[in-house]
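Reading through the structure tokens given below for one structure.
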């Protein structure tokens, strides 16, 4: 049971990581806590579901499409709704994203009803047996894809001009402006990337979990904890913390009882916030908010 | 109260202008229903409303409700309680004090119903709550709330009774579900019944409501290798649980759910994984109980499909049955005074397509029974009680 | 003259960086002390240690004969140490008068409302912003905001005033006004520490100057002597330039 | 809006609220009681957010604590007028104790920590079980008073709580503590070096805020007679309160009350006409408010006044 518990946590951790990176990045770069991030994940799951059920495209294959669609959503929302508010007060964006979340979830109830849907693939139930431990292929694929995405994003941030501009804006918006970077344009891109990653997480989630308009809500708590655990704005931190969180939850559930998993997670969260607000993994990747 | 009167007069005039020509002679019986049309329970709330609506439409089409020489058209005022107790309470108050509803159809879920029951109790508005079955709600001494459905602690009992007669005899049981009002009661009820039937309860677990991953639960269950896994959860977490069990290749001889496996999206979401899963159902279309409005369950199913173009679920059936119970009681009482109707309900015995009813002083239907269906060949088949079964149970479960 | 403030072997460490190393000096009552040094020398950090916004990792600070190290910032303020911030930190959503009132209100708990109002008006008049009492800080010029900063500090009726670059970013005429202001408040008996980059101001108002470089004290004396010290010159201008300047005897 | 105008407006509203029960039915009485309840929650947030600048999104934790403490007190046999004050004291005490570690966090960190606190409290209540009823919920003793009388009593009690909360905010707006809070909101170190004991001021503010929120929760529990963790610690209670405070204008004296009335009444109007999609419309409304009147309605009404007299703006991060 120990080994299986460990593997369960490990397999889920990757998905948690991808679900978190975008949220953490948006928070780190712009100081926006995007409460609609869960809704983006939900939208990603529905897009994947649509593509799978209507066109028969496997969610792992359609993921780039879903990410592109969500990129546009995130970009547009930032441009039209969030940039104007940020000029007044960053904390007001929280109210804005709260409204957006209500809007999007209800929109999807109206569009898709609250019936529960699911993507079933031929390999859904198959698993790799390593000794007594079972490794579900879907979960394994999701975990590996998560790591690939995180690595890709890390390269984009550190090796491309856009990435450098995002990092520069995160560190000092005014200085970036002096260097010829338009912060608001960078914000649009950052929000787009954040939403695209949420879409990817939704895509992965669609292969693992039942889909309903409330799907994002079940993630947002974990996303918060992992963001803080990994250090706000840190890509590598979010991935590492995703694994740590999933492992802790997995072990807490197995050895303390399933109903303790949340209390352990929140206790941990509060402890880290108060004792070590920069996260478990050293310094913040991006600037202080 | 002047404000309310002004509003009533204004609304009354408006209504009169719109509806004046056809009806003038007939009286209207107003029933209030604050149910979840948005939020967590929007889906179940919507299904429940379908049932209430079908009853109203059919009753009115047949001339309406006859009581004491008068004929009443039934009108149901619906509000959306957002799946929130606070809102539901506020709306129930509106229904009984402002809209003048003297009868109430209950909301979905026992938690919300517990918040609204106190209001209808204070106003002595008779409430029928087919989808609020937590035992605690009926143990508070309320006089005006009745449910035609069996209570939550019975939720998994029929599966256990069914399992008792199967061979090879199952021995160990695992019971799992979300930590929530209704599932907890069902879980306790099942544990007690399992022990009294001689099963060994090898595992009981509660996961947080809204948990997004249940692999830990599946891993724990796997380690005790039970013959029977019973789950008290709702549709969504039951789907998740079965997926997780499947991923970890946990294959007990019997999987039994407290939720109906006949629900369409349960089967489509799980596909082949749903095969062989048993679920307890408040209502199945093969039941042979009779009532004057729908005739029997087949009649109800036909009427439902004609109106909504989809097969009915137990939510809708219970809603329509609540309507029929009220109808029978009012007709017998010969009045629409809620207190008189309540007294009639307490003294009468009757049956609807949904099942027989006889209420005790707390409003509990002492004759309510439950049914078990199993997914066989992709379709839900009734396997229990034996009198209405469509198929023999597939046991041990062969599905993967 | 007795020492009103003594900084005694103070050191500050941020993570692995030693921001201040073993710095000691005294400030006599009634004195104006200049605290100078290149960017990053630790001047502001030292002011933060004195006003207890930063905890020193070693040493202690004595004010009026008592150790104040480790006390809360507000108790030190109430004892009579006031300061301004290099980057002005007005209370953005309070008017000028309200800003100053905060200073007057909290440093003497027993002060009545009228006494607070009087102290406010006096402080605003002293720095010359009384005409803007109902404005919001965002409606003031930089020079006015710097003076608001001083007025808030004065309203606490301090015995020691720490001025952190109150002249930075101001033009000549404005600097002259601030210099006059500093002299005037010093004439009333107030002891002042001035952190400044404007050398003209240091020589004009300070009785004495302390020079920091990389967190260490490298010179202490009258402004003229300190500014001609080769170590100081090299700290500001680099070694080679310093040698040449000293050789030519053309410093300051 | 000037203090004098706010005072006139407050007086008019109070007279209307006192007279209302003579004119409206029980449903509108309940709607107004809900408005008052959220008004209290919004004022509680106003103290900690509007004045002190600490964005306590999870303040619903004190609503839940107030509700549960009242519920537990009453099931243990305390009469309601004892149980609610005890509950308020409990909420205030918990805020005072937690204030020290929590209020060291700034900006977003504090906001998120309060949300986590709310979630943790939920889990604790569920896992304690026993006297809290756990996941089963907690039924309160059933009052035997007739509904019309009972609901009028609750109406006036909620109104009195709102008046008291508003009076406290009014006092705060001109007291030393109020100055201290507004000063530290804008610059914490600036306030400290001017002699403000910021730690004490913040903890005091959160304690007051918790007491207000807790009293709303306590009355709510008595009103609803059945409480569950999901509804008592519902984060949307404080998020709604927060939006109401924004809508009316944070840091003003009666802004949060106006905001509560506007939001709740408009919200009610929405769901009675658009069942099923009201969250969609509510979300759109929230976005519109943030986009179009971010300084609050009171401020927007007083745009034409001389700039220096303008009320405080929304505090920034």
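Note that the chains are named A, B, C and D in the order they appear, and that numbering of residues resets to 1 at the start of each chain.
Just so we're on the same page, a residue touches a chain if its C-beta (ideal position, glycine included) is under 8 Å from a C-beta of that chain, and two chains touch if they have at least 3 such contacts.
Treat the numbers as computed from the prediction; the structure is a model and nothing was measured.
With centres computed as the average of Cα coordinates, no chain lies farther from chain D than C. The distance from the centre of chain C to the centre of chain D, with each centre set as the mean of the Cα atoms, comes to 43 Å. Between the CA-based centres of chain A and chain C the separation comes to 47 Å, rounded to the whole angstrom.
As a whole-number value, the distance joining the C-alpha centres of chain A and chain B reads 37 Å.
Rounded to whole angstrom, the centroid-to-centroid distance between chain A and chain D, based on C-alpha atoms, equals 32 Å.
Multi-chain contact residues of chain A (touching two or more other chains) are listed as 106, 109, 259, 262.
Counting partners per residue, chain D has 123, 126, 276-279, 315 as the residues that reach two or more other chains. In chain C, no residue reaches two or more other chains under the touch definition.
Interfaces, counted as pairs of touching chains, are A-B, A-D, B-D, C-D. Touching chain B in their complex are the following residues of chain A: 1, 4-5, 8, 11-12, 106, 109, 113-118, 120, 124-125, 127, 134, 136, 138-139, 208-210, 212, 214, 217-219, 222, 249-250, 253-254, 257-259, 261-262. By the touch rule above, chain D contacts chain B in their complex via residues 22-28, 30-31, 34, 123, 126, 134-137, 139, 142, 146-147, 150-151, 220, 224-226, 228, 230-231, 234, 271-272, 275-279.
Partner chain D is touched in their complex by these residues of chain A: 27, 31, 33, 81, 84-85, 88-92, 94-96, 98-107, 109-110, 221, 224-225, 228, 232, 259-260, 262-263, 266-267, 269-270, 273-274, 277, 289. On chain D, the positions that touch chain A within their shared complex are 55, 57, 101-102, 104-105, 107-109, 111-113, 115-117, 119-120, 123-124, 126-127, 239, 242-243, 246, 276-280, 282-287, 289-291, 294-295, 314-317. Put simply, chain B touches chain A in their complex at residues 38, 40, 42-43, 179, 205-208, 210-213, 215-217, 219-220, 222-223, 235-236, 239-240, 243, 246-249, 264-266, 268-273, 400.
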